[in-house]
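In the two assemblies presented below, chain A is common to both, partnered first by chain B and then by chain C.
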Partner chain A sequence: MSLYFKYLLILFKSQMQYRTSFWLLSIGQFFIPFSIFAGLYFLFERFGQIKGWEFFEVALCFAVIHMAFSLSECFARGFDTFSSLIIKGDFDRVLVRPRSTFLQVLGSKFEFTRIGRLLQSAIVLIWALNNLPIEWSILKALTLFFMITSGVLIFTGIYMLAATMCFWTVQGLEVANIFTDGGREMAQYPLNIYQKWVARFFTYVIPFGTVNYLPLLFILGKTKGDEILYMLTPLAGSLFILPCFLVWQFGVRHYRSTGS
Partner chain B sequence: MKVYASVLKLRLLIGMQYRSAALAGVATQFFWGFISIMVFEAFYEFTAVTPPISLKELITYIWLQQAFLAFIMLWFRDNELFDLITSGNIAYELCRPTDLYGFWFAKLLAQRLSSALLRCYPILLVAFFLPKPYNMTLPPNVITFILFVITLLLGLLLLVAISMFLYISVFVTLSPMGSLLIFGVLGEFFAGLIIPIPLMPLWLQKIAYVLPFRWTADFPFRVYSGHIAQSDAIIGVFIQLGYLLGLLWLGKLALNSVLKRVVVQGG
Partner chain C sequence: MIKLDSITKSFKVAKRSTGLLQATKALFYREHTIVEALNDISFTINPGEIVGYIGPNGAGKSTTIKIMSGILVPDGGKCSIMGFTPWKNRVEYVKNIGVVFGQRSQLWWDVPVIDSFELLKDIYNVPTQEYKKTLDLLIETLELKDIINSPVRQLSLGQRMRCEIAASLIHNPQILFLDEPTIGLDAVSKIAVRQFIKTINQEKGVTVVLTTHDMNDIEALANRVILIGKGSLLYDGKLEELRKRFGTHKTITADYRKNTISIDIPGTTILHWTPEHAVLSIDTEQILTSDVITQLSNKVDLIDVTIESQPIEDIIVQLYKEFKI
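And now, the complex of A and B:
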């Protein structure tokens, strides 16, 4: 763990060497989701609601998933750009070090400029929470926290799966974008607006539904039946990372260097 | 002119090599298309007022957008050109006996064309045969279709002319990221990529209509679905031409002025 923080610190310092570039990029990162959010806002201005969901409810949904996405892009960037490690043959160096590959790849890259994106979603989150009539309790606050954490874990899991594929394909796969970018795009609306099969796939296979649809129902007080069950879904969703971890270990054992 | 044509052809052939990458792109775009259609479907389902664009027109709009994504996205970029500028290899380019603007224009045009050619057929083909309501529909008549093709091609030229400014700005800033983000975010928003222009609030539509971005993609797509009447479409073609000539002239001017001051730092 202390090694991880060392990686974090070193890479932070190195990125801070280019201070202007860092701030410009952060500002840019702020505006990308901002334009998406503006689009969402304008749609609500025109239509008023989406299948019975109000603007601020969807905004909360949006904020949670974007926050999770930006955090995972910041901290799991190493897996996202893993293919370059393979192509250059740098992964050989990782293998000879007496530390776990997971930790080293995770620590190989951080993208701190995602702070802009994080800030944007944080503002939306606060704005949405201020305008929603929620009766707060410790349980609900905890649920919100779990939603974001579990979202980060799921995104990280997808990055890991995509990175593992690189062991066989060498090149990075664009298809993984469907589940990261596409998943984020999709999960910014409550899942029940989609067709059944989409909602099912993204609840049981890639559990975005457990991050921001089911617990959202609990926070907004829309649940029917056992509340505790809804509250615990983010925890169940975060289990997604376990099989990803196993697949990663399996992939590492089948690694063949490109030799370059 | 012959030089530019051969650059175009060569680059087109290179671009066509990346078939598997294109296939992955197609899958992503399909997913994207489905998601946005479902979102709009949900919005339309319980709406009290009649929206300014029908769901059917909107679905066609979205599939066209996905099929011709390479004609809209401003961040679809050529890193090679950025590297040339920042690393100083631009010196080689300047030695060539061709005009740099035309040379790059042909190169960028070919990239977008090849990418779109590879991707649009599978997307359009499948989109036509999808079950209702997700399928794409044919344009109302032949003339509309011809107008669509003309406006689409003009839109493509216009987009390349806009994207040239991106490369020109790198001469000044030396880092492509800043201008990429600004161009990308604003340009895509005002080209109707995030929400279609007819669904924007009126004040925003007014801004969008003034800017050149919507003429690249939003305009031809709406011509296709018949949302823009034929007579308006013909006027639009002239506006497109006007923008195109204006931007080409400005771009050439800007490129020449930055080239006068360009510093090649060894390397």
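And now, the complex of A and C:
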């Protein structure tokens, strides 16, 4: 873990070599979700509510998934841009160092400019929380925290799956964007506004639903049935990364036997 | 120290075909050909040796280095390096080796070199005291003092290569694999790099395996060469032996007073001739060099003679031809 922070530090130093570009990109990253959020705002302005969901409730949903996304893009960028590591042949270097490939790939790149995006979603989060009549408890605060961390783990898992595909083909990885960008866009609204199968897909296959929709019901006090179950869903969702990890290991083994 | 026993490795390569129809077909189904990258490679390297591993492009040099450094798993054969099988126990094994890929950098591009070294110290878990000692030695012998605080992107290729080699030695490995360490370097940097490789070999007893296309590297460093071509081992032995066995030609350049009679001497071929100057190639298996000079001086009024052994490069080219690789 301490090594991860050392990787973080050296790449932060590198990033600071290009300050102007850092600021410009960060500002850009601030405005991308800002425009999406503006769209959401005007939608509610016009229709008032969607399937019983108020504006601030959906804003909370939006904030959680966007925070998770920006954090994962910052800290798991190594897997997100893994194809460049393969193309340049730098993955061989990873293999001759006595550390796990997971840690080294994670430490190979960080995208600090996502701070802009993170800031934007944090503002939305605070704004939404201030305007929602939630009775706070430690459990609810913890749940919110786990929602974001599990979200990061799920996005990281998807990046890992996409990265693993690089061992077979370097091109055609846009497929993964369906799940990262697409998943993010879908999950910024509560899942019950969609068709059943969409909701199911994002609950049981790629469990974005477990990091915002389901636990949000608990935080907002909208649950029917056992509260604990809703509260624990983010933890269940975070298990998504385990099979991704195994698939990654399998990919590494394949790489070492084919060298392609 | 290093023992390879009938290592084989083949790659599946997709057949690329021309034409739109074929290309469309390839989207769904691809024909593959099996390329034998390594075929029954065996050799043993003892501690403290410097071995030059040579062969033309695509001969399988890099594949062998990758297998020996644990990156690739071979299809068959055994390999034991310091008691480890490189591709098993990867993490434990790679602590003991240093690898330099001449064409790729292992340093962090935008930060001072010293920062990269510090991070490598942490990656390899080198104790601080040992690290300081090694670093001092490296700075001194590779003359890194003035460049260690500059970002890598500002270094010249020669300076960078010195840092690359230093970086691969931070953890005091006992074996060093160098894949084309002098590629693209100017003469001064080449000599500095060679000198350093020699130093760490002699003073620390590091075993070195290096691949290169520059035969001067081999001549300056390696007393043993392993030649491979098309995946097969062709020669393993001393460089001197190689020269004796295959370097059977010498070149004589003679200047003489104006003379128009032919200087045809059996066992030689005329490479170039003018009335005042001639270049002859001698086949030393047919005629002694001294005899050629005697005969020459009988025929013409010699002013100056230079004799050159066949450059090692030519021998290698000849060898490649002979083995049809």
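Assume the second predicted complex is superposed on the first by the 254 of 260 C-alpha atoms of A that agree within 3 Å, B and C clash if a C-alpha of one lies under 4 Å from a C-alpha of the other, contacts with A are read in each partner's own complex, and residues count from 1 in each chain.
Following the convention adopted for this analysis, a contact is a pair of C-beta atoms (placed from the backbone, for glycine too) under 8 Å apart; a residue touches a chain by one contact, two chains touch by 3 or more.
The shown structure was predicted, so the numbers you read here are calculated from the model rather than taken from an experiment.
On the superposed chain A, the positions of chain B and chain C stay apart, so the two partners fit side by side.
Judged by the touch definition given at the top, the superposed model places A:Ala38 against chain B, while chain C stays out of reach. In the overlay built on the shared chain, the residue A:Tyr194 is in contact with chain B alone; chain C does not reach it.
Touch criterion not met for A:Leu232: it reaches neither chain B nor chain C.
When both complexes are overlaid on chain A, the residue A:Leu119 reaches neither chain B nor chain C.
When the two complexes are overlaid on their common chain A, residue A:Ile50 makes contact with chain B while staying clear of chain C.
Rounded to the nearest 10, the angle at the Cα centre of chain A between chain B and chain C in the chain-A superposition is 90°. The wider contact with chain A, measured as residues touched, comes from B rather than the other of chain B and chain C. Using the contact criterion defined above for the overlaid structures, shared-chain residue A:Asp90 touches chain C, although it does not reach chain B.
Chain B and chain C never share a C-alpha pair closer than 8 Å once the two structures are laid over each other. Shared contact residues of chain A with chain B and chain C: none. Residues 21, 24-25, 27-28, 31-32, 34-35, 38-39, 42-48, 51, 175, 177-178, 180-182, 184-186, 188-189, 194-195, 199-201, 204 of chain B are the ones touching chain A in the complex. Across the interface of their complex, chain B is touched by residues 21, 24-25, 28-29, 31-32, 34-36, 38-39, 42-43, 45-52, 173-175, 177-178, 181-182, 185-186, 189, 193-195, 198 of chain A. Chain A contributes residues 2-3, 6-7, 10-11, 13-14, 17-18, 88-90, 92-93, 95-100, 256-260 to its touches with chain C in the complex. Residues 11-12, 63, 66, 69-73, 87, 90-92, 94-95, 97, 99, 101, 104, 106, 108-111, 115-116, 119, 122-125, 151 of chain C are the ones touching chain A in the complex.
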